[in-house]
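The structure appears right after this line, and notes come after that.
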């Protein structure tokens, strides 16, 4: 779960990391009031959960409360990379002398945390690594021993950060690590970490991503989840326990297992088609889940054909067949369905579907033998061949 | 640092461990008021930092606020194993069905924490282990991985605790572990952990000992340190950075290093004398520290002779000599001093002392060659031989 | 031979009284796997599927001589279950459970490695040493005994490839689903190392997906240490960057970990990578003949 | 030979610019110890006592080829200093610092053992391989080269015993102060094991004190594995139960860990225990002659 900047900053402040003064606004009038309180010179920051909001016009400077009000009127409702701006974080402007970077992330290769420090900041971390390799340093923190001071010193020295900042940056890195482990975060990041003209070091942005699997242990964070930020269909899918990602093609994909779902998408692509989504019904999907999956796919009007590609392990093909049959019985399915069933209870599943097709005289279900064949068929159907 | 029951219980409550209702009283009048508030039937518990206060009459039951008042009048000012009762913790009486035990301690052998659970309690842990070996179980918790549920299950099963209590006791063990590691405690213990007649499980006592070396990281706990509980002389010694323990003999001991100090005491004992104290001036003691040490020894009027036994490593014999000379110059030293100097700058030290004795004509300093000889001499002088 | 598990493997099932645990325990037993007991705290002393149930893994190991365990307990308790198995001396632990918090996985990983045990998964379909032992949730009927080892991050893709191989008359030695999480107990490299030493295995199929650099590490290992041929498959060519695709592992991390980078790394060390699961099987057939 | 350190030991001093670090570095150098550098964060690039000072241990190891380190930094930073030394690949770490928080010591211990390094201390006087290398704060002039190994929990008692031995014309091989804290890097048993293997050492003096069960463990080891004679001394016969005597270790823990129990355990496995430091030296003399 990715938290909004304003939420992350609240956590950061609670742990003693300095941030600029600021408040959240839900409409232009609130923006004006907050701007007045902060003395007029403010930054308006769109609270949308996508990267690159600055470049996309989601961050604006205002020199007076009136100007802030006018800018806010334009910004509310803007759509940034598919995310509608519904919240603005209004912060005092900082006079910035220098931008730096500090962050922690889970490092799968070393099975620990990576502490990354850069004495230049403001860009994304790959860009810094490429443009300023001598200004960026990382160290692995073993979760069994925790973060030690020598590791902080090492990255500070290696990043060639001016020594006058070391003490203050250390005072920020330590609580940042505390925030990471306390909240079971996958990422805590300050970019940029700014040095102001008057010599203060302040977190000008704040990122905090929490491990979704651990959210049950952090009910106070779970509450902060902003469902308005999730695609409508994705939200419904999540509620139903399905892994769904909306894409921009026209072939609806339903498969079991993330790998199989991706492979199915890849096959469609290799055959010259475009998948409309990623949808993994997971292991051991019930007929109910399969039915829901069909419903979710159909919410996307661009879908021209559904390719359901099941290889049964825990998932039983007869359950899948039943789910599809229920879907056909309970809802209108205006597009053809390519169905491939293999693995556990394959025969039972194919038999159920065969009987259903025969009995109801449904011509839009195409039962195929292999996933390669299915992909080909689905692409043909989508192209109207 | 050992915390008082009332302090430990406050920490326990903050972490969600159930305790009886209670308040601290500093005089009988307060006891009466608290007892009234609690409904009259209360326990009065002396807040003294020694074990076995119950058997020593430091815990009393009252059935009314008046009775509590009368008992409190007797209890305030009582001396329990050398500790004067100045605080009473007044608690509601619990109707107890069963007593159990849970505790964590640092386990030096396994370099971890020992979780100890017993399905009988109320005695000290050695007594339980001896009398009810099938009712007590322990498991080692590796600090690098922390406490896991299976370890709790294991000790609960092995202690033969009735299964109906497991869930609730688990809910107590987990925060107890949190208290241990969060506060860098050496010991967290609930003895007894009681089951009340109405089926609640409650910490009837609470022990929490913090690692003194880590207190600087826990300023909120350091503040709780009860200096009234420490012997006056020991407190002064601590302020001066000396390790001092008052004993009941008449030969004052000053040595460097804990091992050397203990060995010096042992030698005095082997020669038929009794040490008046343990005093370790530590490594690299300055002349100032040596002078302070002499001053502390002299606060004990039963001291008949001082045996200063120094083997210089970091400690320099000339510094020790200077310290003793300063002591003789600045204060009256009414008892003879046996001095043994060996190791680093031994010759310089012996020379300084020799010159001082000669110059000032002081006959009460006895310079000896070995610690065995020194112990013998000190015992002779103490006996007035 | 075979790797990780064989006919001498004596396994317990942690969570055997749950619906998943029971269902799959039954299938494993039916396959001929030596399932010698189960563990469910609080249910010790009972019996399920003809095997004894214990309160703790320690008791189960003492009571049955088990040297392996399959874990079906819910995500919130699965880390604990693995730790318990390690502490009780279990040598091979197969963790099926999906959705374990990553901080639990980190601790578990460190413990497993410190004690020198083998953890397969979590979030994996298990291990199948064909005709010898089967620990997990794979559909046994699709496998046939033979000389191809399979190691995979994806469950269903593994079945698909094994199924295709079997249809072409090519059997398998051991099939290992290493799991889709970011922190997993056993990496591609570790399994490749075992296959390299296994005299039953002649060729290895490696099934990867986007995210992480495990496939790139595998390529390095293949170049330096593998004498046996390896055939690859990588899923996720069309996965959009920055989107989660179900597995926590399947995140494109800033340019690294793409399908392209993995395919390139494998190709560069002489590993042919099939574009479809069918093609993978066909490459294997050609290589085994050649 | 000798144990732990010898003429090939190349050591750095962590905290070399502090007063203690500098004072003892000078003494170690004067003794002939190869002190090749020092570490003080923020002072990298400077020089002290003719050796270079580095900001980090990693740089110091790279710059000097050091394989050992002596730690003099204050208690609040000493755990960190040890972790840094381990991480930088230092083989032998001698931690002089007293008063390190026990939770730091626990983490440090686990790390040292996981990486297979030797940590002596903390809260110890160091190690002296007579005439070869001296890491710590022992007064070098009291030692003479010979065949008696000494291992001790107490600094000053070690000096006392070594001094007595030297006076009787008995030299020492290596003298190890293992430290007085509850959690120490190297136990009596580990040092005895090294002495047993060391061809220079003919007899070992073990100096214990009240608290813990390390001496009792040593007795078990002596019975089973030691061929060389051991002579003991235990301080604290008159220490009152339940009182701290300076060292955190010196606490009587409910009946166990008393001087009596330790003396008894040693006597039972044939170890003579001297009642005074002088008697210890005399027993050693008799044993060496016999």
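When the chains are written out, they are named A, B, C and D in that same order, and each has its own residue count from 1.
Following the convention adopted for this analysis, a contact is a pair of C-beta atoms (placed from the backbone, for glycine too) under 8 Å apart; a residue touches a chain by one contact, two chains touch by 3 or more.
Note that the coordinates shown come from a computational prediction; the quantities given were computed from them, not determined experimentally.
If you take chain A and chain C together, the chains in touch with both are B. The chains that touch both chain A and chain D are B.
Note on interfaces B-C and B-D: more C-beta pairs are in contact across B-D. Set against the C-alpha centre of chain C, every other chain centre is closer than that of B. Remark: chain A and chain B have CA centroids separated by 55 Å (rounded to whole angstrom).
If each chain is reduced to the centroid of its CA atoms, chain C and chain D end up 47 Å from each other.
With centres defined as mean CA coordinates, chain D is found 27 Å away from chain B.
For chain C, the set of residues that touch two or more other chains comprises 107, 110. Within chain A, the positions touching two or more other chains are listed as 144-145.
Chain-to-chain contact here is organised irregularly, matching neither a line nor a ring nor a star, and falling short of all pairs touching.
Touching pairs of chains, sorted by label, consist of A-B, A-C, A-D, B-C, B-D.
Across the complex, chain D is touched by residues 51, 106, 108-109, 111-112, 124-126, 142-144, 181, 184, 186, 211-214, 216-217, 243, 245, 247, 255-263, 265-270, 275, 278, 280, 282-284, 311-314, 342-344, 370-372 of chain B. By the touch rule above, chain B contacts chain C in their complex via residues 144-146, 148-151, 153-154, 157, 163. By the touch rule above, chain D contacts chain A in their complex via residues 41-42, 44, 55-58, 77, 79-81, 83-84, 87, 107, 110-111.
The touching residues of chain B, counted against chain A in their complex, run 144-145.
Contacts from chain C toward chain A in the complex involve residues 20, 24, 75-76, 98-104, 106-107, 109-110, 125, 137-139, 142, 152-157, 159-160, 163, 180, 182-183, 207, 209-210, 212-214, 217, 233, 235-240, 242-250, 254-255, 259, 275-278.
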